[in-house]
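Each of the next two complexes has subunit A plus one other chain: subunit B in the first, subunit C in the second.
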Partner chain A sequence: MNARWLNLVGLGLVGAVGIAFLVLVPRVFELDVVLELTVYMIMAILALSLALIWGYGGILCFGQSAFFGLGAYTYAIAMFNVGESTLPLLLAVIVPAAFAALLGYFMFYGRISDVYLGVITLTVTLILFNSVNSTAGPEFHIGSARLGGFNGIPGIPPLNFPGNKAAPIDLEGMFYLATAALLATYFGLRLLLASRFGRIIVGIRENERRAELLGYDPRAYKLATFTIGGALAGFAGCLFANWGNFVSPTIFGLAQSAQIIIWVIVGGRGTLIGPIVGCIGIQWLTTALGANQPSGGSDLWAKIFANAPLIFGIILIAFVLLVPKGLVPTLGDIGQSLLASRGKGAKRLQPKRAEES
Partner chain B sequence: MDLVALLTIQVLYAIASLALISVGLAIIFGMMRVINLAHGEFLMLGGYAAIVATNHGTSIWIAMLVVAPIVVGLIGVIVERTIIRFLYGRMIDTMLATWGLSLFLVGLTTAIFGNTTVGISAPLGSFQIGAYRTSVYTLFVIAVAVVVLAAIFALMRWTRLGLIARGTMQNANMAAALGVNPSRVYAITFGVGAALSGLAGAVLAPVSGVFPTIGVAYVAKSFITVIGGGAAILSGTVSASALFGTINQIATFVTTPVFGEVTLLAAAIVLIRLLPQGITGRFFRRGL
Partner chain C sequence: MAAPLLQTQDLSMHFGGVRAVRHVNFSLAEGELRCLIGPNGAGKSTFFKMLTGQLEPTHGQVLFRGKDISHAHAHDIARLGIGIKTQVPSVFDGLSVRENIWLAANRLHSGDEARRVVDEMLQRVGLANGAERLVGQLAHGQRQWVELGLVLATDPELILLDEPAAGMTHEEVNKTAELVREINRTKALIVVEHDMQFIRMIAKQVTVFNQGSVLVEDTVENIMRNPKVRDIYLGKQAAA
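Showing the complex of A and B:
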């Protein structure tokens, strides 16, 4: 029973659960539940994008929502201009990735420290929010797509089967697509992290100076990681624009960025499954809180419990102070120490390695 | 000519308000290396404190200049004792925890005051420059900024407290070995930084109004001012405010206020790329 074996079992388990989920959900649940679960899957892809760049790359990006929003807006704008979804989908990945690369060039080649990096990404998110928010007038348009400012862009056409404009993907199809995309992202990232590239970025996270002295250029590797993260977030944004047929500037907002960070920190940095769990858990909590919205009552407690920022704030503070590693690694540690104390003569499990979730 | 005078006042006002909203953050960041992402919410609380006090019959001047700093300063000390002090040396975690605090405070004020803008009208009326009218309150904000910066300079330069604070900032272990209690210095510093933020929020409240999410409008601007300024608290804040305030106001004058802010933020990113250590990392190195 060594770490490698556990790793394989974990992978198999995730695959089996994922495929069972993919096949069973639309058969068991009503359409409204399926719709709800679709957005969970989309957000989980977004969570994975930050899990890669923060959890493995060690780059704390406060502005992951910038790439998410950029992906959503790019898709919407391109869709109104093109009408067939293959090119918009590609653009929704390429534009955020290019933007991430440009921003990353400024930050990594400027050798800005972690903390400033957080502030710059935050600032960029606010720039996007402010600029898009102020484009309400009819004079702001790209091609035939009006930007809509704070009103957002409604009625975005859905994705269609590649090359066939007349065959849009229906709601159930969106669920299959989002879930399959999440599984593909998860396994793709596992592969990436098991590769030479993945090991180098984890090495840089652990000790940047040492990696540099060993001959790796941390700037280039960080830039690549950041760009991949941006592309993934943009892809999630494209799916999100599809899901609601609507985007508005709040997608760039700080609340959105905060949520992504909370998913990762609750689930656990340095794992991939953790942020997925954190994302789905928090999303579920948001929905549950939203359902308890008081109907105009003046009861302060009811207001507080229906108040998502307040609850998120408490969760974030509590996790940073009390469970800084996040749920999945903490549970893993507890499980390991239980196992170790059970079997007396049994060989202690190898310590969890950072790149294994 | 009148236009030039008006524009000069506007630029000075932009610089003064930037310096005001940033200086509390600069003190907390410069002395404690703590990134306080709840800074915008401290400003917001200052605004609410002033408005609530005014509505309860306090004179607006006392509400802004006395009540708001005291209330927010106390909140700052409580925050330092309950959250920040467990996280010294863990910069990223402090950022995350204070972001949590920021969300919490936004949620709390929304629950208490509702999601609407409240305001107090700016006192002092307006005056005439040739063909233009501008508010006297603008001049008051500039004056407050000058007084606050001068007071901080005097405090840091000539008092024992300032000496201890500077010593702890340079080398906390050495200061501790010489009999200073760093934990107390940190609590006081955080309180002072929070109090200054409260003051700034209150002084700007009549201009901008107050609503629970107003902190977002402040936080990015104050962060880039502090980071653009670099290590030295006062000269950094002043030089970065002067640069960014001028850029912001001129861009606003040429285009719209929103694009003025966008230009400001974009200029800041370029500046940080060119001078990663901030302005005082390259110039005015010996400043306070």
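Showing the complex of A and C:
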């Protein structure tokens, strides 16, 4: 079948590009570039977590950073107490997942409507921000880990090879790990979305009432989706804490939360590759803008271009108004209409599949 | 006489001060085909919503095979074997026809068996050509067929059809009547419809709703002759 064939080609392409990227980057680029790319990979995993929850599950979570931050803090705190990274890594996935499950239970089984879901998740992450922010004193500690309040937790020990404390993963190792993890997340989610479960959650997104009248309990499916998304975000948070050896409460902040949503909107909801592209693109832009600091003087343009939030605001508005479907789906549409016009419209357009890439 | 398949006792639904359904005692035998008629606002759709768990009755009971389902969740009722085709087609617009039917078939079947059921159902509702099209791009009549396919693929014991012939061409109405009679060979149905031609094609027994209560229950012929029914309902059509 044509659609299936295209689907496989797409998958193969992503795999090939991913592996080439994984192998070539450390050989071609200097360490500072590798380091920068590592954080892009980590953030892309975070983007994928929202791509699943919002793009496929239809759950607008405005507080995805809550799970990301919880993952980072859990790893840091556990690491100072345990010293060997296997358990902290697991906890950094389990704690945010459990938190997502608890929060999701009240939201979905309490039949909270979509808009309030956004409000609640945003509020939760801001509460976490404020709570952690006010734990600066020495009396705030968990075991031997001081929370550090607004100063954050510095000097977080890096991941080590499982079971071997004496073999920490170096910077290049982190790049391999983050890239491999991103690829695994991508292909794992593709599998999930092609499964029974994945097709049902897309059905619920399309028409919750109909799914219910067919005998599916939307609450349970949404809760499961939300929990998986929480676990993924937590895992990304753990890698992030490793990457900078540092975590601070800004990880829970409004800017971080909004950014994840922008990645998904720019890249395209209902796709997986879109949010990855959106995330990497915006991250790259952030770095580029940050490097372009105004060198004194009163050059208005330089000042405007150095104001990253302003630029993101403009990008967001431009996308919502002009490219509402996001980059990847729009490019797909353009490609399809080009193909169709070449075939003189004789061929019927292939409809999108639920799990299109 | 055998126990009824579906029974309601004193079933009522109030929205604030509006009493949409009042003290309805309704009974449907196994394998029966019943038509429900009544003017707009008579409470037919509200009645359907209570039968399927979309609304919780203010008081009274719904018994399905003797089991009280008045307060059950919609998805549990669906699993017990009540399927509904709603008035405005409720389908998965962003997905293909095939994926729509699969979502229904998947609840009972998996793997190749599910695929076989989907193919069979696509044939049955006449959508085998164009099964890969998006449902959102189909015409209203075809969307009705998709929804009927969805309901049939979950293999319910009792099927509720809310205005299945609305917005259909004459030809499609005939086809629908034929399909309804075919479904009735194995399943019980309750059909809400305004089109008396259609009702005459399918039904024997008709229940008339008016202002939230059952006005009268009788055979099609007697209902057509009943002056009270003509007044509240058919009179409008006769005049038109």
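Operating definition for what follows: the second predicted complex is superposed on the first by the 346 of 357 C-alpha atoms of A that agree within 3 Å, B and C clash if a C-alpha of one lies under 4 Å from a C-alpha of the other, contacts with A are read in each partner's own complex, and residues count from 1 in each chain.
The criterion applied here is as follows: contacts are C-beta pairs under 8 Å (C-beta built on N, C-alpha and C of every residue); 3 or more make two chains touch, one makes a residue touch a chain.
It should be emphasised that the depicted structure is a prediction, and the values quoted were computed from it without experimental measurement.
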item	value
Which of subunit B and subunit C A:P324 touches, first, second, both or neither	first
Residue contacts on subunit A - larger count, subunit B or subunit C	B
Touching partner for A:V124 - first (subunit B), second (subunit C), both, neither	first
Partner chain(s) touched by A:L213 [first = subunit B, second = subunit C, both, neither]	second
Partner chain(s) touched by A:L316 [first = subunit B, second = subunit C, both, neither]	first
Touched partner set for A:I112, first subunit B, second subunit C, both or neither	first
Touching partner for A:R196 - first (subunit B), second (subunit C), both, neither	second
Complex interface listing, subunit A residues touching subunit B	60, 106-107, 110-112, 114-116, 118-120, 122-124, 126-127, 130-131, 133-134, 254-255, 258, 261, 265, 300, 303-304, 307-318, 320-321, 324
Subunit B residues touching subunit A - in the complex, by the definition given at the top	35, 83, 86-87, 91-93, 95-97, 99-108, 110-112, 216, 219-220, 223-224, 227, 256, 258-259, 261-262, 265-266, 268-269, 272-273, 276
Touch list for subunit C against partner subunit A, complex	52, 54, 73-75, 78-79, 83-84, 86, 90-96, 99, 102-104, 106-107, 110, 132-134, 150, 154
Subunit C partner contacts - residues on subunit A that touch it in the complex	3, 196, 199-200, 202-203, 206-207, 209-218, 348, 350-354
